[in-house]
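Chains here go by letter, A, B, C and D, matching the order in which they are written, and residues are numbered from 1 within each.
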Amino acid sequence: MSDASSKKALICFIANLLRDCNHVAVGASSPIPGAAALLAKAAWSSPRHVNILGSVKNNFLTNGSQELFDCAAQGRIDAFFLGGGQIDGSANINLMGRGEYPNNTPRWPGTFGSAYLYFLIPKVILFREEHSRRVLVDTVDFVSAPGCSAPETYRTGGPYGLLTNKAFFKFEKEKGCFSLKSIHAGSSLEDILDNTGFDFLYDKENTPATPEPNPELLKVLENEVSVKIRDVYPQFSDTIFTH
Amino acid sequence: MSDASSKKALICFIANLLRDCNHVAVGASSPIPGAAALLAKAAWSSPRHVNILGSVKNNFLTNGSQELFDCAAQGRIDAFFLGGGQIDGSANINLMGRGEYPNNTPRWPGTFGSAYLYFLIPKVILFREEHSRRVLVDTVDFVSAPGCSAPETYRTGGPYGLLTNKAFFKFEKEKGCFSLKSIHAGSSLEDILDNTGFDFLYDKENTPATPEPNPELLKVLENEVSVKIRDVYPQFSDTIFTH
Amino acid sequence: MIMKIEELASLIKDGCKLAIPADYSGVAMAVTRELIRQKKKKLHIIGVPTSGLQSELLIGAGCVSVLESSALTLGEYNPASRFSAAIKSGSIKLIDATCPAIHAGLQASQKGLPFMPLRGIIGSDILKNHPDWKVIQNPFSQDDDKIVAIPAIKPDVALFHAPFADREGNVWVGRRRELVHMTQASKTAYVSVEKIVDGNLLDDETLAAGVLPNLYVGAVAEAPSGCWPLSFWHGEGEDKEHLDHYKAVAGTQDGFDEYLQQFIFDGEIP
Amino acid sequence: MIMKIEELASLIKDGCKLAIPADYSGVAMAVTRELIRQKKKKLHIIGVPTSGLQSELLIGAGCVSVLESSALTLGEYNPASRFSAAIKSGSIKLIDATCPAIHAGLQASQKGLPFMPLRGIIGSDILKNHPDWKVIQNPFSQDDDKIVAIPAIKPDVALFHAPFADREGNVWVGRRRELVHMTQASKTAYVSVEKIVDGNLLDDETLAAGVLPNLYVGAVAEAPSGCWPLSFWHGEGEDKEHLDHYKAVAGTQDGFDEYLQQFIFDGEIP
């Protein structure tokens, strides 16, 4: 698959995960999740509300940048995306840096809202294209936001799954670990085992291939949604669409 | 003195009390304090900011009705006015009703913001035209807001004085009581002692008469400020100005 | 989303915890009359932070079981006779607060917090009588420093009147931001407006600054002069003659009942 | 109140606790260049809730002693080389937070409160390393229910760029209400604007909805394209070519120093 096709496949895959949501929020620098949310809204009018942070046109919040956080705490946001320079098998994420805090090398930008949103949004999708032992580690060096909390800790949200350019894992809350759900075209169970730094559950015999994107949905993406995506993510749009 | 002149005298008296303020807030149904604040601003450009709650034109707050309270807690409001169906000698005020709560007879509207603003605005002027033992009582039936607090209680504001249609008292914070400062034309020390239900400090021999309003200030009130007052308090304006 | 006021009022159920604004913010009086016609019962009214004629009428008509507010005032048309009568007879439960505490409780809800701290109040009989507030130690002070903790107030519905809305349910509230807070603190908002306008209010950044987005709005109904007989900050002044008439007749239950018949059940509106 | 940006910048003293907005809110870049020219020292920067090129430049130029923020990001122009270098050398103190905690700390200040509670955070290493936060019991829960208490963040100055202001110092910020909160949390605000307009912005209710009143504003300076090279939500997009150039040269101290010389001390602005 070309890079453009595999990005489109990820967009369609994520769009399907958002179909049961009313309100999806996406960070400003997350073009694939952002495109997916716009696609789901265009294809199914569900989610009804898509908020792209940092965008003027695709952001309907009017109460300042804390409104997103207030919304989340009230359960008014159904899905959100987080990444991480490191993600471990307990779904802990590290956005701070490698090595020991505070003198990390490299230091990444910082925790942003993750230490809060991860607790309060029911469907947090971990999305990181790079699937390597550098990113998917046994234990993160710094917990920007924990994947699991003690039962007495107030927590209405958390990790739903982890999507990379090789596979999709669902997070098993009861067991506190990921389980491999599907393998993208071009990868294999062996490839995934080789490139994942944490242990995860999988079915040796029957792990399915990630389904190809639905051609109708791809058509909506190409025809209707590409213009909107160009509006918000012009550079990204140039890499996947031929305008 | 006619009723109109004595009201004008009160306006001028209060205006002088506000001269050292930057920001004065006034309740919607307090025409005399409101007129005084507008007069002080017109005469001396001090206070610089006058906020008349409930008015659209004379209210510059834009962050909703809680902004006043946020402002007060930050020390951004220098003076405010409170009244009370009952006021006692410790400057406790009762806006709730006579008799036992909750089945007061009569029940008055309620405490409004007094239980908060009285703690946080440095110069709270108690203003009640009626000077009688019915209003100025020994002990209020319900403390909507206390005049004094224990030293460990966070309190940056409180009563500055009490103005009625007979006299002006200053509140002596250290002693926790009022002291009579001046007697308006038409009243006397005897009259005040007769009509005040609480004990207060006074100088038997030398309690001065309240000075007549400055003629220049009266002129500013009549010529410049009357139009603004009519704008905010049309009915009150009709009773004191001949337009 | 866009409906008739009868339908909007029918969404407010008996027992509803209903947040309503002070008179200066835009009171949904047309909807209130419809609530009385529909004979709502056991409403828990939250005056944000005070209330006026709207609560007086609902109380007089027997729709209210709890009034949570910092004041009920008719301004120069005081006293509020039906409110006073209800207090005397004990027919409503009072939760008396102070204005910023109502805001703080709503803001806790708006932010999904269990409580908000608030200065002042200590030593007021309001604190003694309030069923919900607690006094806690300021965790950041070494000394004895007590502060009041106000638990979240979570209304079912915010009900108010606004200048205009678009067909998607975005409502323009201008700088009356207490309506935004009150709405975001509530499960949903039902809004009457002077008019429904074309286009999307969020498309214009100047208008957008005063918009309550439809994420929070459950129903909008057009009701021109929807604040009558009260004044509307973005419209007409109060109907002094009508309010004088109300004051004159509402002193007795009979007088009030006649008022209800004439102006609400028979719907005689000038 | 209305002054030149040189004068406005001169009001910001060494050691100032300076609140600055995220890139999407309007960053006062022209003033920032002036701060560097005036060789400010020991600034305590508060990124609300994050920061970008503005902090990167101030850090690189040696103006900053403390960075309190939830992130410092140049977006697609990452990594922020001068920020990384300062962390490696330990030349700045970090107070790393999470976005809503920055907002909560400012909101506590805005409301004159010692602290605000906030959900989440428990179990994050952010909490372990933050010098100020405390974990308290929710006073309204019977069960073990811990919640983080965020103490007030009280900046000396809020500094940002806005579309326009009037001569009395009222500033239009539209729906960028974090600027209102940030300002009201601070002792004063210094604001650069695209232009100064005639009249009073509060006279028009449509505009008024997006106005920060002059009660809170200490200085306003006109600075057309004042966000350059960053994008402005109410104006131009970012200068990609310039930002690519910055990324290319800022990897070394020498390259950065040349950049400062060329674009700040010599003031070469396209």
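Rule of thumb we're sticking to: contacts are C-beta pairs under 8 Å (C-beta built on N, C-alpha and C of every residue); 3 or more make two chains touch, one makes a residue touch a chain.
Model, not experiment: these values are computed from the prediction.
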(request) Could you run down the chains that neighbour chain A and chain B together? (result) C, D
(request) Give the label of the chain whose average Cα location is farthest from that of chain D. (result) B
(request) Name whichever of A-D and B-D has more C-beta pairs touching across its two chains. (result) A-D
(message) With centres defined as the mean C-alpha position, give me the chain B-chain D separation in Å.
(response) 41
(request) Could you put a whole-Å number on the gap between the CA centroids of chain B and chain C? (result) 28
(message) As a quick test, compute the distance in whole Å between the mean CA positions of chain C and chain D.
(response) 37
(message) Counting only residues that touch at least two other chains, what does the list for chain D look like?
(response) 112-113, 118-119, 145, 147, 175, 180, 205, 208-211
(request) Give the residues of chain B that touch two or more other chains, as numbers and ranges in rising order. (result) 56, 61-63, 67, 69, 73, 120
(message) Testing understanding: with touching defined as stated, what is the shape of the graph linking the protein chains, line, ring, star, complete or other?
(response) other
(message) Can you give me every chain pair that touches, using the contact definition above?
(response) A-C, A-D, B-C, B-D, C-D
(request) Give every residue of chain D touching chain C within the complex, in rising order. (result) 112-119, 134, 136, 138-141, 145, 147, 149, 151, 173-175, 205-211, 234
(request) Quick one: which bits of chain D touch chain B in the complex? Just the residue numbers, please. (result) 109-113, 170, 180, 184, 202, 205, 208-216
(message) So in the complex, the part of chain D that touches chain A is made up of which residues?
(response) 22-25, 48-50, 69-73, 75-76, 78-80, 83-84, 87-88, 90, 94, 96-101, 103, 107, 118-127, 129, 143-147, 175-181, 233
(message) Which stretch or stretches of chain A touch chain C in the complex?
(response) 23, 49, 56, 60-63, 67, 69-76, 120
(message) Using the touch definition from the top, list the residues of chain B that touch chain C in their complex.
(response) 28-29, 53-54, 56, 61-67, 69, 73, 95-96, 101-120, 142-146, 149-150, 152-155, 235
